[in-house]
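Below are two complexes that have subunit A in common, paired first with subunit B and then with subunit C.
What follows is the complex of A and B.
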């Protein structure tokens, strides 16, 4: 058990918990973009910054990674924290001016685009948080996507930006992406969906006849879980 | 067809040197870069078959480091230092002259496959500024007038 203080409140947290975990447990809100229960934290978006005071030292840290330690005093809304958070948002906004979520966050925090940060036009809505890549690797187990190049040229996508041979079209990356950067299109009838430039045929449910999952995904589940394909032919609602 | 066979054979040899593990990836890619002069796409795809690393991860590493190139490099790599000392002593003029004389932009390779022009951060010999390195040789205290002669020497 770690005993410490958040926003003046005495708090106990389990060993191994992060400051963010402890704050959430106690109903203290900290905005985040890139942490997720299933794949953990990577400290990429920096929106979750807080101020940690230890003795007479104070520092700005990412709460999603910083361990809850005995005796620290955490401030989640001090002027210093808010100034850093607004700057982070300012930069995210300049990178992804088209992201509704970032626009909303900026508005909530009173952040307006500043002329000194020239807005990007070629980054889409991607903040390079890596959530999609981590999900594809850790949850789906496929690793169809990754980052390429670095610095200002870094982008997310499939190797060589071509159709991935291992992608199963599950759409987990599109689902997890906080900003909606990844596009997945489904035809009107639902017989196929397109993601990362590749089109996947959808399978119909044996009972209700509706399209419910990409054939490649069912084959993948059957192969990795050792379940015969026939057992996967019924959608969740009919099971 | 025959050419592909040798690519595969070469990749296999390199992999055997370090073991088909994730932790060997960078060493393998370095040797592949050395053997082919760049990282050919089919070689990377084949590497993915023999090493237990997803292609997306291989591509990540291959594009991250400047030491790796996905496009063929020329026989000689021309690296113009853009570190602080070289910058203030005229690295930009050198680069401009090289671009003009080689008729390529920074990052490109000449049509005859002789030179690839690149900018690097610091070559570690600031007292010799401005410097460029061609095929591993340092050319020190350079002025742009010397460039045609130097290039001619390498062309021979």
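What follows is the complex of A and C.
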């Protein structure tokens, strides 16, 4: 167990826990955008920064990755911390002016847009939190999407932005996207869905007859789990 | 080539090497580092080779790399048995026959040598060997010795000890200079702990930028748990205008390899990687050649020096991302992933490459190791400054007379580097500032010219050592424009993983761009400072964590220039195009018409021998007229 202090409160955390884990365990809120229980932390959004004091030294760290250590004193709302969070939100407001999530977070924290930052028009709502890419790799296991380019030109998508042959159309990326940037369109009848530029034919439930999952996804599950495809022909509601 | 397994084998190779270094026949060496080749060394070599063949001369023609004075390239050294070594600068293929004529005659009439060397230093072994006995021949006394050349006078070479003196492809010559004796000593006579202790005692700090104590890093990696450990050499030198590591890899690749083997033995590693940028083709070639040769001779591979110690090195070529010079991004790239850094809360010495203990040092750091091992940590600690021991290689570029690579003891005053070694500012102009530490370093102004250059002093001045780039600026440099230049570079090199670096740097660039365009607003300086602080605090890695440095340091030392741009819409250095205008001084203009002919948009008119005029509406402010006027008649405001 690591014994330390967060915002003046004495805290114990299990070895291997991060400062963020420990804070949340103890009801101390730290905002985050790129961390998720299913896929872990990336340290990318920098909204979760906290100030860690150890002896005479103070440093700003990402609480989602910083391991809880004996004897540290964590300040989750110091001036330096708030300055970073403020800038991060102002930068994201300028990058994704259409994102309700960012607007809400900014409002909660009393952050106003910086007039010197011209709002982007080409980034959509993507804040590059990486949740979609990590989900596709770690949860789904297909790595159909990844990053292209670097810096401000960095984008999420399929390799070379061509139709992906490994994408199974499961839509997990769209589901986890916190800003709603990833679009998945389903036809009125529900017989197909389109995501990342590719249209997937939907399979019908053998019992109720409703479209319930992309055929490619069922094939993928059958192949990876070793379950015959016919065992996957019934939707969850009818199982 | 036979195997080198024993001390006797080393001595034999050393003897062969010495006979090649200082032969009993005439030897001509052409400096064939990238700097030489760029200046035409290949043509010079080809011409010499053809001429020697045609005349059937008994001359050994060999290649070496660069001793650092790149502004004098191509450099050709001539060594006549029993005579001082002579260096000829700015050689051309045309001059080759004349050079061979005078070499055959033993005169210096047709082409005057740049300097002479009476002796050659053997840093690792200690001491020097004279090329001849007695006094220098009378006809050469008027030629300055290398120690009398201001560029070399204050230099002390440890990391670049062999560059420009040996053939980088000759293992024998490297051994003759004391090479691989340190490795022999380490493997056969020292415990790993003792090696680590000696490196700690040397005070050597990482030459790649961080300045972390090398010995302590080795110790942490040695103490880390894990069967498999890696040693890595960072050769991804990407700072604009910096080429210290390139020079070492091109000129003395075995010094890096030997350093790595010693480090691996001290740490307990059997696998090493050299990560070198692919934009350094000659460095890659020379390293690959040296590794293959070392492997062939048994200096890499299984059972080195029959001690049972195994170690080998692979080269991995970087694909051009600046951020891959950052250790964790480099390791990600080595693993085959995109070059993105990760948080270093868990140190790479414990969880690095493939999550295993990994020790990464840069090229120059590794090259220092063999010298430390033979001469001792104490010897190294006695050179340089108290907390920054040894020497540091700097690349001196920009508005400076002697452009080149210099190695000086840490703590050498900036003034000595700029005015003595560097020879001051071209055209008699005024020194304004020097950017140290690469694009994310800082600008040090003229008033701090007495600053001793070491890790701590540079940091105190708001800059950093970085890998050793020094970009000299004269009074015609606009500091806002310079800050914009560096920020723009970093914007394009940000990996894009974390928000403050990816989004923050480009917003800073936008604001700087507007200031340069005369669209700066009141409060911009404060906003830039505020953003800088948050970006430094909030960024994931050192790229973002240091990116605002050039902005902060130029604001700190040249705030008046920012203010002039913002409130007066004026660029004091007359650089920012939107804020300047060219005009012709009627009193000074002779009507020679040169500017009229030079102007690419034909906006200068005037009759012959009568004052000319510039049509400001058409003028694109390229400055061609300004540069071409011999009468100082063009003014810029």
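Heads up, the rule we're going with is that the second predicted complex is superposed on the first by the 239 of 239 C-alpha atoms of A that agree within 3 Å, B and C clash if a C-alpha of one lies under 4 Å from a C-alpha of the other, contacts with A are read in each partner's own complex, and residues count from 1 in each chain.
The working rule: contacts are C-beta pairs under 8 Å (C-beta built on N, C-alpha and C of every residue); 3 or more make two chains touch, one makes a residue touch a chain.
Remember, predicted model here, so these are calculated numbers, not experimental data.
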Subunit B versus subunit C as contact partner of A:44, first or second or both or neither: second
Which superposed partner A:158 touches (first subunit B, second subunit C, both, neither): first
Dominant toucher of subunit A (residue count), subunit B or subunit C: C
Which of subunit B and subunit C A:73 touches, first, second, both or neither: neither
Touched partner set for A:150, first subunit B, second subunit C, both or neither: both
Which of subunit B and subunit C A:109 touches, first, second, both or neither: neither
Touched partner set for A:166, first subunit B, second subunit C, both or neither: first
Those residues of subunit A which subunit B touches in one complex and subunit C touches in the other: 147, 149-150
Contact footprint of subunit A on subunit C as seen in their complex: 321, 323, 338, 342-343, 345-346, 491-500, 502-504, 506-507, 510-511, 521, 524, 527, 530-531, 533-535, 537-540
Residue numbers on subunit A that touch subunit B, as the complex places them: 133, 136-137, 142-150, 158-160, 164-166
Subunit A - residues contacting subunit C, complex: 42-47, 49, 60-62, 65-67, 80, 83-84, 86-88, 91-92, 94-95, 114, 116-118, 127-128, 130, 147, 149-154
Footprint of subunit A on subunit B - complex, ascending: 41, 44, 54-60, 63-64
